[in-house]
Every structure is written in C-alpha cells, then in structure tokens.
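Both of the next two complexes hold chain A, though its partner changes from chain B to chain C.
Right after this comes the complex of A and B.
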C-alpha cells in the first residue's frame, strides 16, 4: 500500500500529457471530413469535461455524479446569456465557467464532509436538481424542447462556423486545460490531492487539509465543466435537458473510471470511449441502454478498481511477488551457507 | 374552501408519500444488510407498476392477478439482482456494490424500454373509481389503500425484523456481518433475502402508485431518488423513520404543487435530500451508522 502511494506521488505522468496533446492534434488528420470533424469536436469537449471530473474522481478519490449537471449548467448559462440577453459569445464563454464554479463550490461545501456513498448521493441529487430545472424553467431554458437559436462562437465579428476552425478552437482549449491540470497535478497541492485519492489517513497524517483541497478539486471540476458546457452550446447551437441526464452522469464516471481515473491519460481515453459510444448508439438507439448497462456491469465485476487501477495493481502484485521470491532466494542461500 | 384546498393537498400528499415511504423501506433493508445504496430500488417500483398496468391494460388480465404477477416478477428481479451483483464473487465493499447497482438499474431500464415500447400505462384503483369525500375535499380511494398499506408494511417489517429468526439474522448482518459469518451465516444468504424483500416492497409501491400516476420505463430513476430522499429524511435503515420521511416528503411536494407551481414539485425531494445531507445526515430520527468522515 505504502509503496503504491509513494509511486503514485512520484509519477510525473509527462508522457501521458504529451500523448493527450498528440492525440488531440493527430486524430483529426486520420479523418477530416466535415462529419468526422464534428465528432472530433465533441470528443475534445469531452476531454475538457473529463479533465475536470478527474480532479474529483481521480485525485480526490471520490465519485461525483454531478458533472453532467455542471456540464448542462455551463451550456445553459452560455446559451441563455447569448440568446436571452444578447451577450457576445466571448463574454458568455467567460461567464459560464464562473457560474458553474460558483455552483460547484456550493455543492462542494455541502457534500464534502460526507462519507463515500452519501457523497455520491449528494452529488447525484445536485446534478438531478440542475437537470430538472433545465426542463422546468421554461421561460429561460425553453423547457423540454430545448434552447434554440444559439449563435456560433465568434470573435470580433469572425464566426467559428467552419468545422475545422471549430475543432481547432475546442482542441486548443482542451490542450491548455490538460497542461494546466498537469501542472497542478505535479505541484505540491496536486501531490496532496493525489495523496487523498490514494490513502486518506496517510494524507491526513502528513498534514494536508482535506476541506480546502476537496473544495479546490470541486471548483476546478466546475470551471472545466463550465468551459465544456459553453463550447457544447456554441458547437451544437441547440441544447436540451436530455443531454445532461442521469445516464450522462453515469456514462462520464464509467468512461473516466474505465480509462484511468486520476491519471493524465484518463480524460482522452475516456473521451474516445464516450464518442465511440455516441457514434455506435446512433445506429442502435433502442438497444443502447441495455448494451451499455451490460458492458458496465461486466466492467465493474472484472475491474472493481477501474481498468488502469487494475493493471497497476497487477503490476504491483508481480513486482511484490518478484521481490518476495528474490528475498526467499537470498534466504535459501544464506541458510545453505 | 381554504380548508377544503388544504385537506385536498394534504390527502394527495399522504397518498403519494405513503408510496415514497415503502420505497424508502426498500433502501433501508438493503442498506442494513450490505451497507450499499441500491440504485435498482426505483426500477423495482417501475417494474412493479408498469408490469401490473401492462398486464391489465394490454393483456386484459384481471387487476388482482395482474398485481400479484407483477409482485412475483419484481421479486424474481430482486433475486436476479443479487446474483448479478454478488454471484461473481469479487464485489464485497459497499461502494463497489453501489456502483454495480447503477449498472443493473441501467440494464433494467433498458429492458423495460424495449418491452414496453416506450408506451405509458396506468391502473385503476382496486377500490373502484368513485372519489372519496372528506371535509369538502375529494380524493381517490387509493389514498386510503396506500396509507393502510404503508402502515401495514412498516408493522410487518418491524415484526419480521424483531420476531423471526431470519429477521434477526438480517439485523445482525446490519450490525456486524463479519461476526455473523463466523456463526456460519453466509453473506450471500443475507444479501439475497435483503434484495428479495426490497424488490417485493418496490413492487408493492409500484402497484400502489400506478393508479395515481402513469407509469413508463423511465419513471424509476426519479422515484428511486425520491424514495432515497425520504429514507435519508427519516434516517437510512430506520423503518418508522422511513414512514415519517415518506409522508413528510409527499406532503411537502403536494404543498409546493398545490400552492405554488407543479413544475417545481419534483425539485422538492432533491432540495430536501441536499439539505438533510448537509445539515443533518443522520436524518430526523437517526441512524446507527457514521455518515461523515
């Protein structure tokens, strides 16, 4: 346990950051048709969203089911600002993250001290309140039919309507987000956060303050969700509550946990997984929940600690076994001598 | 007239609140036996209500038999849930079981969507369609049935947990499941009974709810969360608390939709849930477990 903790803290994860940046730059080159680019754009939005979720799920070690709601809040904040109040998109892109950060800090303050399963329920409740409000505040949000007429993103009169321009913009923000997350991760604060994810008693003993750290994780996750939401609103130019429902909250967590919560590589792999599911689901809409549920159940049964966690644990076991065998070997040699 | 409206609101609140109480009891039974929160609980309510209403409306099965079959089907689902969760032998921690129940809830919902073809169904009241008049207010006769049902369920569960051997075993599992295992009672046996009981409770709740509101494949998530809010309100795992919490939540919702706007009635449960988790996570009447770190 202890050795796993120290290793997870000393891990710099630099190659994972480079791989994330590389994939964001190279993937669109594989297939750059207009349709493919809209899919890559969604993927890049998910990278931002999951990088945010990673601060809580990965590093602070708690499972938050509020991220879909925060994502929606960001989308609606930007969409409503642009449609109802004629706020320029650039400003809306600034407002949305601030609104979501404030909401996330509030939810964080309310739920932070709760034990794991209660924390899960509190974040799920918060996400669900937001989801319900998107559908019920009809004058503001357009209700279940969605918010229509969102303008494309534009700077100084130049509208981002070309698929390649849209992708470049979203990917740039995703890369900046990943670099910021990486820098935070290797900083003293980030190490303390990861120490929490790995072993809470150990982190406490080392004198890290849980309250401030978790609040920071929440604030960061909210900020990223706000950016992702605003980008989603300007990209799709139409948003409806069903995009941000319970299923989405679950999918985000599953994608991140399966692809490596707490690691820099997690968000990009999770985003690829989510986008793959979306493309696949378009053809099998009726069977999607059933198939997803079965895959999810099998995954949880096979890898209760997540795919990356499981692989790391196996490596750990192999290493420990090798160490034990080596020790036994020396012992035998000592006995023989 | 004002008192008439008030009584009307109160009765409709109690009627739905009684159902939330039964759902909350289901959460408590599983929580006590496994320490996990069962996300399938809301889906049990959906399956119970939807299958009874489908049997009655689409296949013309007599209502009484339709409800019995629905309860049997849902109870079987509870049995299968336990097998799907613990049958592979790797999941044992409450947190991991909780996550796995989300997967099963998604599966159940997905299957219900295919079977019901996204149609909505409803049941008539077992006591007939005539309205019941009390002090100038009129309400469905189902209200009386639901209230009686919820009290009966609480009494039956209390007697079961206090007076029968199986009930005592389940209570012991809530206290210290490891010690219980050294006495030769397997973890899976207690868990299986807990899931079967919780599913049966869910089915009863669904059958009681189907005459009050239409049921569809996606009713479960919201109902489950409301039931959970009711359980937290009364203290998770506390049967009398569940009854009080459910009734209180039902009335609070009815007050918001009666005097305010029905659009925000669904939000009440979540505000209650967040408030109780923030300020008094042990619930109004307490629970034996630690809820804060």
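Right after this comes the complex of A and C.
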C-alpha cells in the first residue's frame, strides 16, 4: 500500500527510470561489435551529460546553454590532470566533477537572477568563454590542435581498454546518475524546482527559496557534466575545443527539449537522438549544421511538447476520450430508461 | 502554537508609494484568528497592493505586518510560509505539469524537514517525510472531495476545481493566516456557495482569513468584519450590515449623488 502511495506522488516517473536502466543494459546486446560498443559508450556519456542538463533545463525550467562548456571543462580538467600532472585516472575522475561543480555554482550565482533571455545569453557567454579558454591556453590544453596522449581509464593498473568494459563502466555511472536524478525529481526538492518553473509566485508563497534550489540544480548539472567530460576524455583519449563549441551547446538543449525536458526518459531519448545524428551525419560532415537545423525545425513544429511529452499527451487524450465516451454512453442509457 | 495566543494577522500603519502615486496610506487593520475579515473597495483602492505587502511580494515604505504577534520581514515572500501565512492569487497560480496531489504536497513544502542533498540519496528519512506529505495531501483532497482528481494534471481540471486546488494547497501549509485575493474572480455564480463554505470552514478551524473580494454578495454573506479601502486609505470598517449602509461607502463605489437613496447591493 505504502509503495503504491509513494509512487503516485512521483507520478509516472518510475517506469521512465526503469526504461532508462533497461535501455542502458539491453541496447549493447542488440549489437555488440567493438564499433557498436564505442557508439553505445558515447551514447551513455550523453545520457550522463543530458541527465545533468535536465536538472536546469528540465526540472528548474530554465534554458542553460552552458552545458557544452561544462562538458569541455570536465574533459580538460581530467585530461590535463592525467597528461600534465600524471594524476591517476581514478583521481582525475573525482577532480573533474568537483572543478566543474565549482565553475557551475559560480556561473549559476552570477546568472540565475537574470530573466529568461538574459539568462540564456549569460550561460551561452559562460560556455563560450570556456570554449575560448580551451583554444587559447595552449600550454595546458594543447590549443586548437587538442590535448593528446590521454591515458585510458584505469583502476590500480587495470586499464579499461576493452570496449565492453568501457561501456559497462560508463553505463554503470549513467545508471547511478539516473537513479540519483530520479530521487531528486520525486522528492520535495524536485517538486519545488518544478514548481518554480510553473509558478514563481506560488512557489515563493509556499516557502521555497529559489536561490538555494536553483543553485543546487546548477551544481548538479556541473557535477554530471564533469563526470561526462572526464569519461569522454578517457574514452576518446584526445580532446579538442571543437567538440565543445556553440553547435554542441545548442544540440544538447535541442536534444533534451525534443525528447522531453523535465522527464526521466528525456536524457536517454536525447542521447539516442544525438548519437544517431552523429553516426548518420558523419557521412555528410560538411552539411551537419544544415541537417541539424532542418531536423530541429521540423521536430519543433511536430512535437512542441517533446517526444515524451507528446506520447504522454496522446495517452492522456485517449483516456479523456474514453471517459467522455463512457459518460455519453451512461447518458444515453439514462435517457432510454 | 497551542500555548501561544492565536492573534491572527495585524497590519499597522502600512504605506506604499509608487513614484508620485500613493497606493496605500497608513493602513491599519486586523484579521483575527477564527474570523473572516473582508477588504473591499473600488478598483484602484489598493486592495491588491495590500495583499502583496502582507504576503511579502511588495515592500512597504512604512508600517508593519504581524502574524500572532511576530513581525514579518518586509518584502520577503519566501519567509511567509514559516510564519504560517498563506495566500492565493487573483489569477490562478497552480503548478502546471504536476498532478493535483503534487500541487497540494508542494503547499506543505515549508512543513517538511530534511536537507536537499539528503533527497538525492532518498534514505529512510526522506521516504518517511514523503509518505507523510502524501498522506496529508490525500487527507486534504478527501476533505474537499477532490480525491478522484489526485493523479490528474492540474491543468486538466475545470477552472473552479483548479481554484479549489489552489486553496487546498494553501491549507496544506497548516496556516495561521490566509490571504485570499479575489477567490471568486472568474467563477460562475453556481460556484459561489461551495466557495463560501470553503472559506467559512477555514475560519471555523481557527484560521484568520483576510478576504479581498469584489463579489459583494459573497463578502456580505460570510464576513465577520469588513474593511473598506478607498484611494489607499481605510475609509470605514464594521460589520457587513453597517458597512453596507454607510453613505461614504456607497459614494466611493457609485460616485456622489447616490448616497441618500441606495443601499450597496452590487
């Protein structure tokens, strides 16, 4: 009884978490070649990155464009620690999220009091500053040519070079990340964050402090971006600024919006979308922005509520229609009697 | 709270000026616990500004607001809940995208303990808190015949029910004082009776209700005390019957010349 009650306060979110976990476990079974596994690994990294973005762009209902920059900061923090300071990868995987969390809190404190469009511009600016730094601090980052020689991830001398091991590790972190995000979403903290997105005055009147809540969302998004960035560095073993540019910043936001911002299922659908686009657009690299733009335009027209939102709305519609039909049926029977 | 005397709401000498416009001038009033105090007045009398000062959305230039004798910090809306002052809004303010149950549970936000970081782990304490919040919310929904709507998205409700959800959400905070900003606005006349019962129920449970309302019928039928605002000042106050007959009130509403012949029956 109790568990049923708790589920209903968290309305419909549990199955989305289970589906996320299920997909992360099952997808590689569909196709487990080495090449496919590297792609699944990339997807799992995107799941972590988008789960982080979902704290701000989904739960808090603000549009942050800084996530690509934070992703890059995490990658460079881990990469630089490992390459320039010989920090063991395990430790680098801890350092990177902390660095990015600190940066995200700083950006959050400076930007979150701004109104919508200014907030977007501030976060875009923050992401762009990071992008510039990746390119300019040549001594540390290797500049536009990128940072080379990043070691593979390893624990006590055991290197994660086998594709299946790499995937398992990243997927495990993605699953933990999803569970933590789900915990937050269904708690009073998550409720308050979403409440702020829906009605600021009513959330204030209920006694929820927006500053604390949004700072938490920023910190979380930074932490996840840090983890994702570090994993990216150890996975690709080479990073360059172009991976974390404006295009990426927009893509992340678009992928999340299209797949369902604020929902548990959003990050994995968004990650599948991003990976799919990357794989199929690779053959037409020069036209990538064009392809993205067209997909974006069409999708926003077709699914203004996001993919998950659209599906949920259809379900709701069907239920409503069924209810109306049942009501009409009863009415007819009453009239006949 | 039981040992402490429930004094309800007290507003003393509140003034507010926007540039050259004096919106509130030395407003003093009380909304004692267990009673309905109405604030009426023609458009532009300053009713909404008063509601916003009391609930901390507008910072007054002068004057104080007290709940049970404790002064509320000026202009701090977020601090009101911990002083058990709740409010509803003139334009429906519900949490869209969330279920009715979640809306009501959000009302109890300030009564729930625990740190945000602990919510990430969802340990036994968080689970227990959430269970309690859910039980309380369901109990309230039952009391207002909304239980069958618990899982519905709040935006799928008819307007009248959504308004009721807003009120139930405020009750979830276990308020000492409630400010209702035009609760009848936009409601069909048929909904006026249930609304009146809901408001009367609040007062019966010991809440100090400050009712800011245009609908004179509603005000006159349920209020214990009526305060008339005009041009930012308290014009007069008294029982509904007294206020209704006061020539100054009729003049303020209808303009000069009507005062002798008519009674206010708007």
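In the analysis below, the second predicted complex is superposed on the first by the 288 of 337 C-alpha atoms of A that agree within 3 Å, B and C clash if a C-alpha of one lies under 4 Å from a C-alpha of the other, contacts with A are read in each partner's own complex, and residues count from 1 in each chain.
We take it that a contact is a pair of C-beta atoms (placed from the backbone, for glycine too) under 8 Å apart; a residue touches a chain by one contact, two chains touch by 3 or more.
Predicted model only: the values in this text are computed from it and were never measured.
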Task = Judging by the criteria at the top, classify the pair chain B and chain C on chain A as clash or fit.
result = fit
Ask   = Is A:216 in contact with chain B, with chain C, with both, or with neither (first, second, both, neither)?
value = second
Message = Looking at A:292, would you say it contacts chain B, chain C, both, or neither? Reply first, second, both or neither.
response = first
Ask   = Does chain B (first) or chain C (second) touch A:201, or do both, or does neither?
value = second
Inquiry  = So in the superposed three-chain picture, is A:187 touching just chain B, just chain C, both, or none of them (first/second/both/neither)?
reply    = second
Key: Contacts of A:262 with chain B and chain C, given as first, second, both or neither   = second
Query = Closest Cα approach between chain B and chain C after superposing, in Å?
reply = 12
Remark   = So the chain A residues that chain B and chain C both touch are 210
Ask   = What residues on chain A touch chain B, complex-wise?
value = 63, 110-111, 113-118, 120-122, 124-126, 128-129, 132-133, 136, 138, 200, 210, 246-247, 250, 286-294, 296-297, 300-302, 304
Remark   = The chain A residues in contact with chain C across the complex are 2, 5-6, 8-9, 11, 180, 183-184, 186-192, 194-195, 197-199, 201-210, 212-213, 216, 262, 316, 320
Note = In the complex, chain B touches chain A at residues 35-37, 84, 88, 90-91, 93-96, 98-100, 102-111, 113-114, 221, 225, 228-229, 232, 263-264, 266-267, 270-271, 273-274, 277-278, 281, 290-293
Note = So, in the complex, the side of chain C touching chain A is made of residues 55-57, 77-82, 86-87, 89, 93-99, 101-102, 105-107, 109-110, 112, 114, 116-117, 119-122, 126-127, 129-131, 133-135, 137-138, 150-151, 153, 156, 166, 169-170, 173
